[in-house]
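What follows is a structure written as structure tokens; I'll ask about it next.
Should a chain be cited, it is by its letter among A, B and C, assigned in written order, with residues numbered from 1 in that chain.
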Amino acid sequence: MKLTLKIWRQKGPNDKGQMVTYPIDNIDGDMSFLEMMDVLNNQLIESGDDPIAFDHDCREGICGMCSLYINGEAHGPDRGVTTCQLHMRKFSDGETIYIEPWRAKAFPVIKDLVVDRSSFDRIMASGGFVSVNTSGNTVDANAIPVPKADADNAFEAATCIGCGACVASCKNASAMLFVSAKVSQLALLPQGQVEAADRVLNMVKTMDEEGFGNCTNTGACEVECPKGISLENIARMNREYMSAMVK
Amino acid sequence: MSVLDSKIPAGSLDRKWSDYKNKIRLVNPANKRSIDVIVVGTGLAGGSASAALAELGYSVKAFCFQDSPRRAHSIAAQGGINAAKNYQGDGDSTFRLFYDTIKGGDYRSREANVYRLAEVSANIIDQCVAQGVPFARDYGGLLDNRSFGGVQVSRTFYAKGQTGQQLLLGAYSAMSRQIGKGKIKMHTRHEMLDLVIVDGKARGIIARNLVTGEIERHSAHAVVIASGGYGNVFFLSTNAMGSNVTAAWRIHKKGAHFANPCFTQIHPTCIPVSGDHQSKLTLMSESLRNDGRIWVPKHMEDAEKIRTGKMKPTDLTEENRDYYLERRYPSFGNLVPRDVASRAAKERCDAGFGVNATGEAVYLDFASAIMRYGKEQANIQHLENPTESDIYKLGRDVVEAKYGNLFQMYYKITDDNPYETPMKIYPAVHYTMGGIWVDYNLMSAIQGCYVTGEANFSDHGANRLGASALMQGLADGYFVLPYTIGDYLADDIRTGTISIDSPEFIEAENQVRSQLEKLLNIQGTKSVDYFHKRLGKVMWDKVGMARNTQGLNEAIAEIQEIRNEFYQNVRVTGKMNEFNPELEKASRVADFLELGELMAIDALNRAESCGGHFREESQTEEGEALRDDDNYAYVAAWEYSGDVTKPNLHKEDLVYENIKLVQRSYK
Amino acid sequence: MSKSAILSSSIAKKYWMALTGLFLCLFLVGHLIGNLQLIFITGEEGKRAFNEYAHFMTHNPAIKALSYLTYFSIIFHSIDGIMLAIKNKKARPQNYAYNNPGANSSTPSRYMAVLGTLILVFICTHMANFWGKMHFDTIPLHTKTIEIPNEMGGEAQKVELYLTTKGDYVAAQQFEVRNETEFYVKDLDLKMGEGYKDLHGLVMSFFGQNKPGFDKNDLAPFAVILYMLAMATLGFHLWHGFSSAFQSVGVRVSSYKHPIEIAGKVFSVVVPGLFAIIPLIIYLF
């Protein structure tokens, strides 16, 4: 397969950056998108150019490190996958592919396609936990039965990988899906309910301070989320926030 | 006595840990505040250790090379975590978990460590549930369990196929709480490049800020290495692209012993290699073997037809299939331990029965599971005379609920629908049982330098059972290290902050800097990946699933050659003081090129077969691994001698007081 | 901290958007019912019904209170919306070189601020054309002309009557109108009653009909078209806004099969659609 790649190059946080065109040939449909990037980088290195920096790690769709905006969509045109699981068979010979970093004020570009997502960590540090210390004396795990439906819903919310595709896809660069996934997970479980009110207030406050936009309920985040995190979580967070506010 | 003092406490096996904990020295809360601990790595072992130490009051400085602690590769663990809870009432107990783990490890792990692991396993589940980890539950609201390879009870707790993710996010949230409080200072996108030893004690690290490229000095009263395993020495493995041996290797070169480096786990159920472009391999959870049946065609001509695409697997009738695990190991069947399953797959493929174009794949088939579950559902729903397709549909739904995400992953990667055609799988490098030698306190041979999780060698012997890695990482981090490190730090309550301006820090920093500059200045013609791939091929072919004297000797020579060429001809682009992923890779591959040789040396030294280490010279008539307990019931701990080609071997004899060593049998 | 969040937090801002938006939906229903009288009741009866309705809407104290709430909602919804839009714009300082949002979201959902601004412009002109004239301008009163046949033969005599708020008609020539709507006995300071401003006539003539006392609107075809475009804009705004409001206040609306989602789609088509056909019918018939 022969492709034309238009890739965002930016030397550092203060560089202006621009789209640069790279032709590439001999791409196999069984390659993952990142393997295609590897091929390009090896060519760049061997011709003495600076390879393209992009984030990636586990390459099996779970670490949330990879983060490319491909042809106008987070993680590319396929559904339910991260960029590392996107395969080149989804593209056709001769196609032009645009590759850009996540764009959001809260995700500043570090280099090329690499962005700084530490704002997510700061949101988590403001309340994304249950305040329980490690000890050998916590109650027996089966002492608190959790209805299966609640446990399953909490699990679904907890599968968020923190990749930031929701922010990247949202026209407002809103982090509501990410934040609501954690708020929901812990609000659904009895262990998390004790701190539920403080948690939602603090996490939303930090989210706002980090410069994410608001939710317009366009639903783009849900569509582009590689883990299919549901908008229901956002509705639940809205409820949680309301009840926390009037408390 | 050898130089290796394992410091195993005296007393009966089941009392050792509790008695030891009662006598261990403590540090009072006020003093803990003035004690710094560095933790390198934020996976299950490092993340849990950071959180637990910070909760206790220590000032923790945590480091990870990823952009967030949540991304450590523990997140990719799928199947589950073992714990001796006996919730299913199927006869499980601490002793049985201990015994299964020792046996699964082919009698090459330390009794006392493994018993302690089994003992604290139940606490892990309680702790994780308290943190809000959403484990799978049954309709009564209680925790569900499943079974894993090498055991005959259901003791594995799970969260669909994402147990590692859920546990890691639990540890990450515990860390986040401490980061918010300022008790953990988190350094993301930092890579540890050296350990600093002052007056014989580990007192800090040199780390590179991967964003700015700055070389930084960080001091502490103790250093914990939780940097994971070194499977990426094979280039292709199920490890993350960034997983590396650097932290462990650098402390090895500073005096820590590397134990049993040749013990590598080859996981039987991975998606086969599809081409030269492949950058990594993807694991399909071992839990699939609960329901999937593994087979190859019985007749060579069918295998050939399948390989060339002239026949489909679904065309083969039952009698023309060879369910070789069920045939060879009737009592454990498809649930034999990983090493056994992997070798059996290799044996069939080597014999010419492989089922993909490269001849390196076997089938994992869910057809009969789908029909079995379908019938069960039809009964539950009181369907009378359901048609085949009704049953198939019902069964498919059950399988989807259990393994849906794994099937989806398989489909996305291979473009084959596993509900309709059997999955193709092949063994791949997955986990490394070997690692830095530690004593009972998890301290390496360097005073104050602790090693936890996959980075150490201690609990899995020569083969790890499924769902035990998560257990070990969290046991070390939550329930072992926080106690044992206090005993050591009790001496440091008056030490005060460690200066980063001492000659030792300056010297270490200069060394790191010159090593990186050396790599940048080679300016050869080949990329880092080129050398990494070559190394990987040698390792896989000659230090992989089956090893022999000749191959290992060749491997040693070839690795040396690749290493020499690397230092003459590698091209590392970019500069030192910038975000430079190529430089990171080069520095990691440089360490793999040394470690690879040590693995071959260790494999050569161990002229027996055990667990994941299969020496062709040492097998039974039936082709099973043959241990040599008389000569090799020891831990091979290698000390850096100043020359990577000539490490010094120290042996820690493995003494079994509570169980009898027998030849493993899963028949 | 919870109290300060009521206005400033992103989620609370969305509550206000949702609540004011839903209230305005209610207002639309009320307004529509009133407007439908323009086409469903014809002749003097229709004229009378509409003018009485208009009078009721501007004079009833309870309705007045509601109307203030409506003004407030419009203003708040606008200001809050603008503030949200500004913050949202700031959240992505640099746009994508190539974006394909159509793949993951509906078009109206991405242009709520633009649609809302257009609607606000419409509301301003709409109020200037009708509400403002009704409140501040002197416009003809509701009159009715009857013919008294000349029994002597010859031409019938035309008599102009005023409709009073008491519901009866009085002969126009006996009175003079002061303060726009009050009837005084000619040359005496004696107030005999009050009339209705002829909003019906205002509307009819605005959309192209010839009504005595009103100037013919030469631009009526454009008025009709612009009005219909404005209603289309409103429809698109509601297409997303109606169900979105429920999501914002925590009622899950994420699937196309959800009753609220369906109700929202129906509402966004039917209500603006009915509004839109009224001027068309007036113009054509």
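Note that in this section contacts are C-beta pairs under 8 Å (C-beta built on N, C-alpha and C of every residue); 3 or more make two chains touch, one makes a residue touch a chain.
Just so we're clear, the structure is a prediction, and the values are computed from it rather than from any experiment.
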| item | value |
| --- | --- |
| Maximum inter-chain contact count - chain pair | A-B |
| Identifier of the chain whose CA centre is least distant from the whole-structure CA centre | A |
| Chain centre separation in whole Å, for chain C relative to chain B (CA means) | 69 |
| Approximate Å spacing (C-alpha centroids) for the pair chain A, chain B | 26 |
| Length of the line joining the C-alpha centres of chain A and chain C, rounded to whole Å | 44 |
| Residues of chain C engaged with two or more neighbouring chains | none |
| Touching residues (chain side chain A, partner chain B) in the complex | 12, 28, 30-32, 34-35, 38-39, 41-42, 44-46, 48-51, 53, 55-65, 78, 80-81, 85, 87, 89, 110-111, 114, 116-118, 120-121, 124-136, 138-142, 144-148, 151-152, 154-155, 158-159, 161-162, 185-186, 189, 191-192 |
| Complex contact set, residues of chain C against chain A | 1-2, 5-6, 8-15, 84, 87-88, 90-101, 103-106, 109-110, 112, 240, 243-244, 247-254 |
| Residues of chain A that touch chain C when the two form their complex | 6, 8, 19, 69, 71-73, 77, 98, 100, 103-106, 169, 171-174, 201, 204-205, 207-208, 211-220, 222-224, 230-232, 234-239, 241-242, 244-247 |
| Chain B residues within the chain A interface of the complex | 48, 51-52, 55, 66-73, 75-76, 85, 87, 120, 123, 125-143, 159-160, 162, 165-166, 169, 172-174, 176-177, 179-180, 186, 188, 211, 238, 240-242, 274-275, 277-280, 282-283, 408-409, 412-413, 415, 478-479, 482, 525-527, 529-530, 571, 573-574, 578-579, 581-582 |
